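There are structures below to look over.
Look for subunit A in each of the two complexes below; its partner is subunit B in the first and subunit C in the second.
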Partner chain A sequence: MKDTLKIADREFNSRLFIGTGKFSSPAVMQAAVEAAESEIVTVALRRVDLDNPNDQILEHLDPNKVLILPNTSGARDHTEAVRLAKLAAASGLPKWIKLEVTPEPRFLLPDPVETLKAAEILVKDGFNVMPYINADPILAKRLEEVGCVTVMPLGSPIGSNQGIKTLENIKIILDLVNIPVVVDAGLGKPSDAALAMELGASAVLVNTAIATAGNPTEMAKAFKLAVIAGRCAYLSKIPETKDFAEASSPLSGLLR
Partner chain B sequence: MKVIVNEKEHQLTEKDLHSLFKDLKINPEVVVVEKNGEIIPRKNNCELKDGDRLEIIKFVGGG
Partner chain C sequence: MSFKKVLEKFDPSLTKHKIDQVSDEEIEVLLFKEKFSLDDLIPLLSPAAEKNLSKLSIKAKNKTLQHFGRTIKLYAPLYLSSYCRNSCVYCNFNKKNKTARRRLSLKEAQKEAQILFDYGFRHILLVAGEDPDFINREYLAELIKNLKTKFSGVSVEIAPLEAQEYLQLENLGLDGLTIYQETYDHKVYREVHAGGSKSDFWWRLATPERGGQAKLRELGIGFLLGLADWRVEGFYLGMHAAYLMKNFWQSQISISFPRIRNIEASFRPPQRVSDKNLLQLITALRLVFPHVDMTLSTRECPALRDDLIGVGITRMSAGSKTSPGGYANAGQNESKQFSLEDHRSPLEVSQSISSAGFDPVFKDWERLFDREKL
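And then the complex of A and B:
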């Protein structure tokens, strides 16, 4: 069965996005992306280290195989986010941006007001905007209305590996919005990713749980399989939960 | 003359961006540059004046 993920005008076979931070080396990152068969990979923008200027992550990613999705990490308000998005576009990459505005360093929770402001500006400027948000259904709706191509609600704080603590609100987002919902941040193990997909999320983004695993390549594969399993379960229509037992074996012809 | 590169002062004899790249051993293909808050289109050269503030930026791993 053909089951591609359509975002804006592009179609993807993989529903597992990978963040490229925290890997022990670019080669380990590349092996994980390949094992995951991921087609959307995030990167960040930072000042060049003048003592080591040419260490270059993009050399390890094939733009024919993956969409390189720059983020605006580090932005504390909409002005900084817009500036980073424009710098990313100036590099010659396609005008896609993962919009992140996280002014508070301890929990790195996204600022909803600044994110919405930045999204409006960037959509008008022709970007495909994928905002990282708290799991706020009304904010998700507002971002859809201003023209974002996905919403990316968090499961729990970035890098915390706590899994999906925002479950009920993610369910409401899935009910309310008509653009792809990508569960991002906090997914600590493959079962967290499977859960997101079983709920009906269009995709998940994983970074820390793969990059800091004992074996990142094998963990990338485990997440790939979990995402496929969760998606397959969702499409197969999961039977309802019941309060009491319902025998699986026939109740007639009993030897009594 | 002096320019500010990523918040650090840098002494310069030639007065253009590509000479600065040579000085700093930076491959222009892999960076994005902002001069005094304005983006310089990729691979373009530009004149530099005393006191110009440059941000030289590249992609790194991130989530």
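And then the complex of A and C:
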């Protein structure tokens, strides 16, 4: 059975998104993206030079192989986020935007009020909006209602490698919304990514855990395999956990 | 409550006593810690911590890697004017110094900026001596408006302004301010800043707060290493950073480590701060503030700067000239604010960063002003 991820009008084979920050060089980033076989790669607009046709980050990404998903990292309110998104579109990047509004520079937690405002404006302007949010189920619903194409709840603060601390709320989001849920931020190791996929997340986004690993290429591969394993387990319908032991070979057959 | 009220609660001699009294046992506890708090600053800055500095600096390196990845941001200073009404004893721009002075016209400043732009810089720091006759609000407004059509980040290191003035400049695109308190020791401050508006310790101390009120994106602080006991100063700097983070939560706080290097203008720094001391200061502040950008300028020599890549430091200047017009007129004997130790070109510094396994980052924000295509 073909199991592709559909977001807006595009289909993707990979369910692992890669962030491009924190790598030791654009070449190392490129190798990691290739090893991950990722098809959605997010790029901070603050880091790329849109006026420079030879920008090092963009030069290392092939738009025929990956969707370059610009993000509004660093925006402090909806006005800045909207301006950044429009700049990206004006410079020829696809009209997709990973919306990040993080007014507090230390924990980089997303501002729900400003994110919703920006999302409404950008959706009306024709963008495919993928908002980064705290794992707030009601906010996720509100963003779905205004027309976002995914929601991207955080597992734990960005770059923290703490894994999925927002587990219960992510379960509620998965239960409530009808658009793809991409678990973003805080996934520190492949098993965290596998857990998100086992829960039923449509995809995960990883950056720090790969970029700062001793061997980013191998870690990218490990995340790829974990995402495939987690997805496969989810599709195979994971048996429920039980309070008591249950024999693998039931006795009932022998007693008949 | 202003930071003045916080600072007044701490007696420098008592703080020094506490730092000196830290025991080896207290330091051993720190070696097993993963999360550090402000309470750890005193032991981290103590003489007792020196024995375990290598272990602590490895922890600091790991924290930097986790929060900033393998990247070092680059910027350059642009000196606008060497006219100054102050008489800071450690500075070549001291009004008492009989030296050739210069203020760049707007056109000259833009020419200097273009040179930096061509080197690849997208973040610049405008620096000027403190004399409102030469660097006034109109001049700054015009210059910032113009520079923001090109540069992603424009910050100032100039005479302190009123909050309203910062707000006006912020509206034109100013991203941040850098202001060194020079020393948090009131007594030493008075001794080295005898004349001019800079002699007002409290007005200067509250400058980052006024920048925070104007919602500047970045507030850079620091003290001049060599004026007073660096351990005590490090403690106050940490308190200052923590205060600003709590009260101006939307501004990014950054810390610089300007160290008096060369003895010039007959000034001998009263306190010696060794390379090892500098490493301890950076390590202590990094462990307590894992998210804060930390800057090391070309005041320091190439070998030390290369060694400190990734050990707390996340931002560096490169190819700097510290006299107005210094980029266009390289080699001319203009009055420099201070002497530099790292004379490598921006390209050479970038290459050193790459060789250390880090990505030199010239652009880390997007200019949102005057984009015609919007």
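By definition in this document, the second predicted complex is superposed on the first by the 239 of 256 C-alpha atoms of A that agree within 3 Å, B and C clash if a C-alpha of one lies under 4 Å from a C-alpha of the other, contacts with A are read in each partner's own complex, and residues count from 1 in each chain.
By definition in this document, a contact is a pair of C-beta atoms (placed from the backbone, for glycine too) under 8 Å apart; a residue touches a chain by one contact, two chains touch by 3 or more.
Note that the structure is a prediction, hence the values are computed from the model and not measured.
In the superposed model, A:K86 makes contact with both subunit B and subunit C.
Applying the stated contact rule after C-alpha superposition, one finds that A:T208 touches each of subunit B and subunit C. With both structures placed on the common chain, the touch criterion links A:N161 to subunit C but leaves subunit B unconnected. Applying the stated contact rule after C-alpha superposition, one finds that A:V43 touches subunit B and leaves subunit C untouched. When the two complexes are overlaid on their common chain A, residue A:V113 makes contact with neither subunit B nor subunit C.
When the two structures are aligned on the shared chain, A:P53 is found in touch with subunit B, with no touch to subunit C. In the superposition on chain A, contact is made by A:P105 with subunit C only, not with subunit B. By the document's definition of touching, both partners, subunit B and subunit C, reach A:K22.
Of the residues of subunit A, those at positions 21-23, 26, 45-48, 50, 86-87, 90-91, 159, 208 touch subunit B in one of the two structures and subunit C in the other. If you check the complex, the residues on subunit A that touch subunit B are 19-23, 26, 29, 42-48, 50, 53-54, 56-58, 68, 70-71, 73, 86-88, 90-92, 158-159, 185, 205, 207-208. Considering their complex, residues 65-71, 122, 152, 217, 245, 249-252, 291, 354, 357-359, 361, 363-366, 368, 371, 373-374 of subunit C touch subunit A.
Residue ranges of subunit A in contact with subunit C, taken from their complex: 21-26, 45-50, 74, 76, 80, 83-84, 86-87, 90-91, 103-107, 159, 161, 208, 211-212.
The part of subunit B that touches subunit A in the complex is made up of residues 5-6, 8, 24-27, 30-32, 34, 39, 41-42, 55-63.
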